[in-house]
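Two complexes follow with chain A in common, the first pairing it with chain B and the second with chain C.
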Partner chain A sequence: MENLHNIYLEEAEDLFSKIEESLLLLEKAPDDSSLIAEVFRSMHTLKGSSSMYGSNKVADFVHNLETIYDRVRGREIDLSQPIIDATFRSLDHLKKIVQSPDIPDPIDAKYHEKLTAEILGLLDESEGTDKIITRAKGTKKKTFLISFTPDKDIFINGTNPILLVDELAELGASQVFSYMEKGLSSKTFDPKKCYTSWDILLVADDDVNPIKDVFIFVEETSKIAVDKVFDGNLLSLPEFTSQLPPVDLKGKRLTLKNIQNFISKIPKEVLERQEEENQIMEVEVTEEVVTEETQKTHGSEESITSIRVSSDKLDELMNQVSELVTTQAGLSMYSENNFDPVLNAIADNVEKLSRQLRDIAFEMTLIQISNLFRRFNRVTRDISNQLGKAVKFVTEGGDTELDKKIIDSLADPLMHLIRNSLDHGIESREERVKKGKPEKGTIKLSSYYSGAKVYIQIEDDGRGIDAAKIREKAITNRLISKDDKLSEKEIFDLIFVPGFSLAKSVTDISGRGVGMDVVKKNILDIRGDISVESKIGEGTKITLGLPLTLSVIDGLLVKVQETSFIVPLVDIKKCFEIKRDELSNDFNELIKLEDDKIPYLDLRKEFLIKNEDVPEKASIILLENENNRIAVCVDSIVGEYQAVLKPVGKYYRNQEFVSGATILGDGSIALVLDAYKIIARKIVKQKKSA
Partner chain B sequence: MRSIEEEQEHTEVVESYLSFKLDEEFFAVDVKKVIEILEVPGITSIPLSPDYMAGIINLRGKVLPLIDTKVKFGLDPIEFTVDTCIVVIEIEVEGETLQIGTLVDSVLEVLDVPNSNIQPSPSIEAKYRLDFIRGMIRRDDDFIMLLNLDEVFSIQDVMYMQEANENMSSTELTEK
Partner chain C sequence: MKKNILIVDDSESIRELVGNSLENAGYFVLKGINGKDGVEVLRSFDDNVSLIITDLFMPEMDGIDLIREVRKDSIYKFVPILMLTTESQAEKKLEGKKAGATGWMVKPFEEGKLLRIVKKVIG
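And then the complex of A and B:
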């Protein structure tokens, strides 16, 4: 049950964002019929699943909304701003009440009533309910003859044939004839067997499938025949019904011929009139049928192009695939060392297949960033209204795909950055006009691939960041001294220092100085980076660089004694070889590189590895994050390696310089090092010794 | 007619325990907590971790942390022989179920022990921390110590030992 609830909530959330997205577009183009249909469809689905899940309050509420959009769709009313506004408010309300459908909070309950009244008011403004409902109900009726002779042993399966007949009768008006097998005596009668058979005349929609579905569990053993006998409702004609034989258990069975015979005896005018009526009904419903069909095609397209899979299952798939890749690496290694051409060929094939499989599985865990962008659409609209600013929100590259975990952890930082742009970046209307800018400000949220990274940019054409002001503020906050010479980039980086805010006043939306540092931390946590560009008076551009995924890391495989380590490639600036004795004399632990002196960290010493069989030569890896450069000394470099990151578990959470482990081709484990933590270690040490 | 006590004795719960040896002492763990028993494969040690954290191994594509049970109980670090085994157990840590591997000198047998045969641990012999021991099983002349796994391998304890360890290593550093 809990599970069902979660599925329902997930689906509802999807639908909400779908409706919101369409509504936002509709605000700009209120006549777009495909969008209106989309809104209607989503509401319809929402209503369906709500009532299925048992929250009738939600279902009733959505029903009224749906009715409005049904009328909009039918061009009976125009999609006015009040309707859109009411819908937005209703959506917000719905988001709340789907969580607790009984609406325990009295304030919510009151709001619920108020909104319902408002929607009903909107409904009243547009009369004409009856027409729609009658029209929706009209469908083409046909008359069928169904003959059903159940298998004699039908009771053994626990099936009750009467229930099947009842079920048929629910499909439409019907006339049932039942028969008993002849020649039964009390001696031959076996109470466990079924001796009854039925003929049913049924008036139903022009589709035999629902009828056949009734018999789906007995169709293999029982005799079932379904025939269409007339294009119309025969049972509504007294001329026909009067000819039908009385219900008699011992009577003769009805056949197709009987029925046709009866029909031929009905006066032609009567038949024609009946057909005509049917025709009229058809005309009336054509439109409905057409929209239903488009709905169907839309529905089926969607169900083909995407299915819902729980992310746990995907994670499990990824695990299995990475295991397969590891095993395959072992196979390849073995086949290379054993010169067996057949084995080689097989190993090559397995390698190719598993690589493809890995790519596909990997792609499956990626989702489009547009899901996230959509959310901001709405926020921008609300906040800009609240601030009284006119803002055009543009998104680009919504089809860029990223790991779900990354997208989840991007929501907060992006939200913060957009709020900042809205609050501090974009000027008020008057100010913009004075400056000769278009009255409407623009915020552009875009995303694109470049190399192995995804970039996300938030760009506004607002007032920009004043580097001089930041400098001043930083000096008064004693972050820097007056004599420090900073590049523009370094100055802008100051805004990420905790507690640093340029906003003159703290507003509802931003300016408390907690924020940019948190944004930066969040981005670093997902192995991304953040940079700011800005020109006074022209606008600000913030760029986030993100890895495609968190589970696979491109690294350099290195060895220290017997242990393998992986250093993330993104943090590596340079690699080179030196003689170990060049290091050992060095007291300050500084290494000379070109003209620079760089502090170094010998992993042997750092990790307290015994000084046995120290090789003569050592390799230096130059690590760099934005402010620090540190050389790390290892025994040897093996090569590049694509590592599938696995956690080492809670027991090792204090060894934070290890961000995970990965399994190498030969089944051994390599530890993935966190370059940031390694650099931090060195810096702390330097400070201690200083 | 049987007395009520006899009846109770008759319907008593018998549970299975896996027994193993550390040095010359016998220990047992609830069989329901044991996932499997492995031979010792190549172990990757993690630098700067506490002594009783023996490293990690590759268990069919998963990373399994290993604990040197002997160090944990204040004995000498384990020496690898043909009998050395890894008992993979499942424990409850901070509301999560984790799998860990425990290194033991040798695995003995699975015992079926009625609950009444488990005696409370004697409070006098405080050789091992009492909250680690759930009870004692008498077997011939020997006592088998029944371990309270969730307690023995709780992470809090790991953190505590960790701090002690780090203090040690930092004093080492300053000495240098």
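And then the complex of A and C:
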């Protein structure tokens, strides 16, 4: 049940974001009938499942909303801004209360009442002709005689007449008489036909409709008669029941006359007493007749061919596949060292298969970024309303797929960046008009693949970042000195330094001092990078470069003495072979490569590996990250290697080179170098020594 | 052998809820996420489906069209079809009945009622 409830919550979440998405589009095109139908259908589904999962408060609440959209759909009312706003607020409220449908929090409960009243108010305004008040005909029990002779072919559409009789019996006390057709012989008997008929005495509320409803499926073909025979409960009178004939399949059918005859034989005082007992207050009932849907929604959606799998299972699968890949690496290594052609062929095959398996398993853990984008759509709308700015929010490349973990950890940084754009980037309407810009600002959130990375860009056409101001502030904050010569890019990078905030006043939206440095840290944590481009008066573009996945990386296996390291392939620009002597005499730790002087890092030195049997030749791996380059010196390059990344544990949390470790095929451990950290550290060092 | 019941509903939570109840009661449950999908599932099981339970309001193909589509095929002439409705939509019921439905259930319903009705229809 717990599990089912989770499915319900997930589904509700999906429906909320579907409705939000449609609503946002509807704000731009309020007449789009397919969107309105979409909203209505989502609400309908939500209501149905909420009622089944026992949260009537939610179901009733959604019901009222649904009614509004039903009327919008039927063109009885227009989709006005108040309705849309109320719907957004209702969605926010619903998100809260689906978690605890009894609304235990008194503040929530009060809000619930307030919103309900508001929605009912909107409904009243739009009051159509479909709200009628009916006076129930009281709840006095009456006795009915129902004679039911089904069509002989009733079985043909799957109807079981017994079911109908049972359903009648559910309406109240009853006495059932069944009969078989006369003159049946084994020769004339057709098992596909129905030869039975029924008479039922039923004590029920004074309303023939529920009774007739039972027969709604068979009334055209079968003979059905429903007659009220008495204003009271005949079956409770022994004086009456004693006169009833015994149940006999071959007996005579009951008629109205029979019954009236029986009643006439009951002493009068008994009948009167019975009527008195049945006096029950009449009640007034307000009933809302829901209009039937007149429109059929034609399917424009593509058919869904996906299934839902819990992310735990996927993680487990990924884990297993990782182990398999590791084991396979061992096999490949062993086979390479043992020249057995059969083994080699098998090892090759296993390698190919496990790589394919890894790719498929990996693809399964990817999810589209559009869900995340959709969330910002909503946030942008709310914040721009709050700030009184007009903003158009555009997304592109929502179908880009990324590891779920990455998407999850992107939510906060992206939120911050978008808030920044809204708060500081986009100017007020007046300011924009004065500058000759369109009144409505634009924020574009886009995502695309390039190489082995995914890039996400947040672009606005706002006022841009003033490099001179950043410089000024950095000087007053003593982050740089007056004489420092920094490129524009380096200046922009200063905004990522902890404690640096450009906002003049602290607003609700952004500028609380914790900011871009946290964003940068979040992005670095998922092995991504962040860069800023900006032109004063034209806008700002922030680009995030992200790996596709966090668990497997393609790397280059290198060796220093007997120690193995993995260098991520994405960061490698080129490899060179040099003589070791070329390094040893250089105190600046700079190496000349391709007519350029590049800082280098000797792993032998950094990891304090003993200087025994140092080979004459060394390999240089040139790393490049965000236009910064650094060379790493190792003994030898073994080859490409797919590394399954494992964390290095808390003792190594503060080290400066390594992003993780991996287990090699032979069981030994190789550290995975973090190019970004190495470059950042080396460049800081260079600046200090310069 | 277990009897197969096909449940067609666009709401996953309803499919699971109904499905679980039926599975616990010893039926084998097939699921369809809309009318079109439901028909496909049904056809892939030939005539081995004992009962179809369908929602009415679904994307792609709604419940009424599903019933029509199913009844068109002579091997499904006798398969009982129950409709699930959210409120007692009288007109919809009639439409469904004309299309060939056997009966209906109004959401919300309790597990007990569901099983009673299913038992009545297919034993």
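Throughout what follows, the second predicted complex is superposed on the first by the 357 of 690 C-alpha atoms of A that agree within 3 Å, B and C clash if a C-alpha of one lies under 4 Å from a C-alpha of the other, contacts with A are read in each partner's own complex, and residues count from 1 in each chain.
By our rule, a residue touches a chain if its C-beta (ideal position, glycine included) is under 8 Å from a C-beta of that chain, and two chains touch if they have at least 3 such contacts.
Computed from a predicted structure; not experimentally measured.
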Between chain B (first) and chain C (second), which does A:I663 come into contact with in this model arrangement: first, second, both, or neither?
first
In the overlaid three-chain picture, which partner chain does A:R308 touch, first (chain B) or second (chain C), both, or neither?
second
Which of the two partners, first being chain B and second being chain C, lies in contact with A:T563: first, second, both, or neither?
first
Which partner does A:V342 reach: the first (chain B), the second (chain C), both, or neither?
neither
In the overlaid three-chain picture, which partner chain does A:E11 touch, first (chain B) or second (chain C), both, or neither?
second
Residue contacts on chain A - larger count, chain B or chain C
C
Could you say whether A:I162 touches chain B, chain C, both of them, or neither, answering first, second, both or neither?
second
State which residues of chain A lie in both footprints, the one left by chain B and the one left by chain C.
none
For the chain B and chain A complex, residues of the former touching the latter
41-42, 44-49, 53, 56-58, 60-63, 65, 67, 93-94, 96, 98, 100, 155, 158-159, 162, 166, 169
Which part of chain C faces chain A closely enough to touch in the complex?
10-14, 16-17, 20, 33-34, 36-37, 55, 57, 59-62, 71, 77-81, 86-87, 89, 91-94, 97, 100-103, 107-109, 117, 120-121
Chain C partner contacts - residues on chain A that touch it in the complex:
4, 7-8, 10-11, 41, 44-45, 47-49, 51-54, 59, 155-160, 162-163, 166, 216-217, 290, 292-293, 296-297, 299, 301, 303-304, 308
Spell out the residues on chain A that touch chain B in their complex, using ranges where they run on.
319, 322-323, 326-327, 563-564, 606-609, 646-652, 654-655, 658, 661, 663, 667-671
